[in-house]
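The following pair of complexes shares a single chain, chain A, combined with chain B in the former and chain C in the latter.
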Partner chain A sequence: MSSTTVYKGRSGQWAFVAHRITGVLVFLFLLLHIVDVSLINLSAELYDEVHQLYGNVLLRLFEVGLLFALLFHSLNGLRLVAVDFFPGAVRNERRLLSAVVVLTVAVGVPCGYVIMKPFIDGTLLG
Partner chain B sequence: MPPSAVLFPERGGKLAALGSLRAPSRHNGYVAPTDVLTVTLRVKRFNPEVDRKPHWQEFTVEDMTPGDRVLDALHQVKWFEDGTLAFRRSCAHGVCGSDAMVVNGENALACQVLLGDAGTDITVEAIRGLPVVKDLVVDMAPFFAQYRSVLPWLLTPTDDPGYGERRQSPEDRERFDDTTKCILCAACTTSCPVFWTNGSYVGPAAIVQAHRFIFDSRDAGTSERLDVLGDRTGVWRCRTAFNCTNACPRGIKVTQAIQEVKRVILADRA
Partner chain C sequence: MSTGVSTDAPVHVASRTTRGRRPRQNFETWSWFFMRISGLVLVFLALVHFALTHIVNDVVETDAVFVADRWENPLWRLFDWTLLALALLHGLNGLRWSIDDYVRSPARRAWVKAGVYTLSGVLFAYGTFTIVTFA
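After this line comes the complex of A and B, so read on.
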């Protein structure tokens, strides 16, 4: 048994951890996004070439992950704002978290399907 | 004769005999009150005079019953197996708040966790975020410094000579009733992920104590307390992970109290 152990915690702790991780992911993508969009200042061809890469299956999968991260981070952010402002939200924070997870999956799965559709249909894009 | 029979003849006699007749039954997780349990206790040990880093030590404690507490198992170890095991406890009945520790991965008072609930494989380690003095004993000085920083006493108007009673309606008393229950065990503060990484955060316990006076109609020190709690190390460090609320052995709605203080600061300082 290693000398460090993980604090068990409950849903709130793991929502906090997931919020941090998705926050870092979204931030890193934002940095990448600033770089790829600013390429238009250098040359239109370069911009197009780089953006063709986003049609690649790995980057599409990355985008699906990013979509889930964005959905969870934004919806959970709204949950935290609600917890800050409304006593009712503090009492029902676990229910709110369930709603966040359900909404993330409910929106993420169909949108993820749309992003991956070219590969699922076999009609490769770009 | 097992050591517990010396201390608790009634248990060592009758229940030990029962135990030899039938193995502990845990059908569907149900533990009969008369079951005799053998508990494996894994304790994270650290002796600063010898050890460079903490290590786990396993103890087997026999002749326990589901109604015994984790604290009882620790007593068995300390009294009969290894007197060097260090932990704090005073009242042993959930009032003094001395024996907060991480039991099976979550903060609790060892005197409140029944073996029937904790099971027979139990891990015990010191609460996190405070320096370990030895084994399960931590240095509480930083915790109490944060407690003092919120001025946890009644501050009266300067023109009040304090000769008379300070009366209050039952409704006004009810407003802060929840936060009067705090026993300063540090279970909440040391369960907070923000406190683990940033020890300068004033922590849930200090905010609960401040809440108790901020919402007291007789108190006049709100502004001074909000100065402390509105600071960078104050309530805004809270990331609403709810660990504090889950850890509180007194059932105080800690996160709710922190949110209420946040809203007071917002209304007061906006």
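After this line comes the complex of A and C, so read on.
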């Protein structure tokens, strides 16, 4: 009772850690995103000026990161819902996590390519 | 679920109280349930939003004209506001769980929560104002 509980969930524990980290990252971006979109009410020119920054290579890389965070958090969240509501999913929890990781990469890589394409094609410099 | 006292085994006080207790539906139960439901809706809203602004259209195309065209339609405003409200609440509740886990000192925890809630509240109001008043 008095000793600290140590959770040795192995893959499930890493999924938990990754879910938290991706959740916080997406939340912080959301706060920033509310501010940058709201500039449109001050002036359309200011909004456009700030918004062009998102086309910058560094911010495109950031967007690819955001995409992976969003995909993992979404898919792992679906896994959590499945595990919480369907007893069958608990038994296949490990396999479900593999599916989450595979799907995150399978969707994230081609979509990440589309985001980086203007840079890869050389139409975008620095 | 058994409500009575089992007759085929000796009854311990502890098990009797456990069995007789109804599941309590307190704030944390609803918070857990809200995360599941809002999460399901957000998978759809957030991924559609990201796909439209980064995959279907390039991010540099989503300028002020793009936003004005989209917000001509009140349904897109509703879509964006629902995404704003659910994502903020979902994220805030997740952050609340994390703060409870990692910020152990009661005083610091109270300050951190006050800061996070205030910032989120202000930005929610600001975001709502933007979506509603944009003309």
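Just so we're on the same page, the second predicted complex is superposed on the first by the 115 of 126 C-alpha atoms of A that agree within 3 Å, B and C clash if a C-alpha of one lies under 4 Å from a C-alpha of the other, contacts with A are read in each partner's own complex, and residues count from 1 in each chain.
One rule holds in what follows: contacts are C-beta pairs under 8 Å (C-beta built on N, C-alpha and C of every residue); 3 or more make two chains touch, one makes a residue touch a chain.
Computed from a prediction, not measured in an experiment: that's the story for all the values here.
In the superposition on chain A, A:Val90 makes contact with chain B only, not with chain C.
By the touch criterion defined above, A:Leu78 reaches chain C but does not reach chain B. Taking chain A as the reference, the larger set of touched residues comes from C, when chain B and chain C are compared. When both complexes are overlaid on chain A, the residue A:Phe16 reaches chain B alone and has no touch with chain C.
Applying the stated contact rule after C-alpha superposition, one finds that A:Leu31 touches chain C and leaves chain B untouched. Residue overlap on chain A between its contacts with chain B in one complex and with chain C in the other: 80, 84-85.
Listing the residues of chain B that touch chain A in their complex gives 42, 44, 53-56, 102, 104-106, 123, 125, 128, 191, 193, 239-243, 245-246, 253, 255-256, 259-260, 262-263. Note for the complex: chain A touches chain C at residues 20, 23-24, 26-27, 30-31, 34-35, 37-38, 40-41, 44-45, 47-48, 51-52, 54-55, 60, 63, 66-67, 70-71, 74, 77-78, 80-81, 84-85, 111, 114-115, 118. Chain C meets chain A in the complex at residues 36, 39-40, 42-43, 46-47, 50-51, 54-55, 58-60, 62-64, 67-68, 84, 87-88, 91-92, 94-95, 98, 119-120, 123-124, 126-127, 129-130, 133-134. Considering their complex, residues 1, 3, 5-13, 15-17, 19, 80, 83-85, 87, 90-91, 93 of chain A touch chain B.
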